[in-house]
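For reference, chains read A, B, C and D in written order, and residue numbers begin at 1 within each chain.
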Amino acid sequence: MKFTTRKMVQFSNCDPFGIVFYPQYFYILSEAKEDFLTHIGHAHHHYINDLHLGWPMVRLETDFKRPSKYGDQIDVDIEVFKLGASSLGLEYTIRGNDGETRLVTRSVIVLTDMQNGRPVPIGDDLRAALAPYLIV
Amino acid sequence: MKFTTRKMVQFSNCDPFGIVFYPQYFYILSEAKEDFLTHIGHAHHHYINDLHLGWPMVRLETDFKRPSKYGDQIDVDIEVFKLGASSLGLEYTIRGNDGETRLVTRSVIVLTDMQNGRPVPIGDDLRAALAPYLIV
Amino acid sequence: MKFTTRKMVQFSNCDPFGIVFYPQYFYILSEAKEDFLTHIGHAHHHYINDLHLGWPMVRLETDFKRPSKYGDQIDVDIEVFKLGASSLGLEYTIRGNDGETRLVTRSVIVLTDMQNGRPVPIGDDLRAALAPYLIV
Amino acid sequence: MKFTTRKMVQFSNCDPFGIVFYPQYFYILSEAKEDFLTHIGHAHHHYINDLHLGWPMVRLETDFKRPSKYGDQIDVDIEVFKLGASSLGLEYTIRGNDGETRLVTRSVIVLTDMQNGRPVPIGDDLRAALAPYLIV
């Protein structure tokens, strides 16, 4: 199963060539992750604000395949490629409305107690909510 | 008449105090302006990409009244306080879901031919589309 | 007396027209304020990290006069136009290396205890360090 | 040979946990790349503005090892791990002033004619300027 969320490339995402400046893609992916975690009932802002749990990133890999322009509608697909004790591997694929893949990102984030910086086990509820998105 | 668009404060908008860092409000307002111009049939990305017309800012005034936190749902109201030959005054009010005003911004932008930097008259169509939002 | 700090317009500051996107100016001004406060011996990061005192913004006014391009060297002048009990009015002027003014900003910030959100009096040391920059 | 440039973590780089939000590292690396290319006599803004040549990114890999806080002085080391016909592999290491590695990034960028999107061979001058930084 994949989660998909639609975004529009904003003016503020674009560089002097009129295309997304690469770090801006990670803001788009950050919003997509928020959409995903909210969709599965584990909203990022609830974890951060109420539980003081965060998801710092430990590893990020991206292949940039085609540029995106201001005003493009893009779809972000999210799948889970790793579901460890505390770590979560998310794969993001951004597709344009021409069907072409714009980029593929694999990131590993770790559920962390933000008060002491220690990893926290992914609980059963969250694990069950993530499991359907595991790439088999 | 007011145009209203709903946004959520993103993690990336927030500073070490967990509240929106003030320049980030202008990214939220930039998206709200895009929503407004699209709603009235004069999408910013169409103007920029196809007509090479932009809306550079010449004047900006903001009163920051209350902070916004990550995860807050906020409503952005847009009204027109000036409709000149080429210039457009937009007033933005951001309200929290507690009903409190977070900020009020007045900005003046100028319709501009981005190839030569000269102001361009606001055409009848666009003027008619903006008129209902004029503050009387 | 004026404080002046030199910056270069970065690629990441610029929009599809190759000029600074207006919210990005406030990041440049934020760095210039840091340079100023460090220069007068009251570094912003020391206030934030060690004293839990911040300077949230309550009022911002900007006139944008001329665009800046990627690679431009710009000088940011800072003067004090208000020195209240807790509030500090800073005027910023950005000049290009062609001598032309790019923008003028007046901002009012308030020294605040970030743990309870209350204004804190500007102490004698800080007041004495700011006084030479007061516009008379 | 390594190129090293010193940066300070800005307030605007930091998230609600008071540490650098990961996409902001790429803005710091973007400035560091600008410093490097200027140092070797091939300034990015000269390439972009005058030659219409850019360096779009095709591949990015980062390991995040330790967080950085607002006010941290950090050193960015740059080395060349690949010098292809048109492609350039840059390895960045960010170290804190405690000597600890904060992150390691490997990116592949491609010299590109930004008017037609085609790769352009890296000329002899630029190749000679980059060669001393090749990891052997």
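By our rule, a residue touches a chain if its C-beta (ideal position, glycine included) is under 8 Å from a C-beta of that chain, and two chains touch if they have at least 3 such contacts.
Since we're looking at a predicted model, the values are computed, not measured.
Farthest chain from chain C, judged by C-alpha centroids: A. When the interfaces A-D and B-D are ranked by how many C-beta pairs touch across them, A-D comes first. Chain A and chain D have CA centres that are 24 Å apart. Chain centres here are Cα averages; for chain C and chain D they lie 28 Å apart.
Centre to centre, using the average C-alpha position, chain B and chain D are separated by 34 Å.
Counting partner chains per residue, chain D shows two or more touched chains at residues 11-12, 16-18, 23, 27, 30, 48, 70. Chain C makes touch with chain D in their complex at residues 8, 10-12, 18, 27, 30-31, 34, 43-46, 48-49, 69-71. Residues of chain D touching chain A in their complex: 16-17, 19, 22-24, 26-27, 30, 48, 54, 56-64, 67, 114, 117.
In the complex of the two chains, the chain D residues touching chain B come out as 11-12, 14-18, 21, 23, 70.
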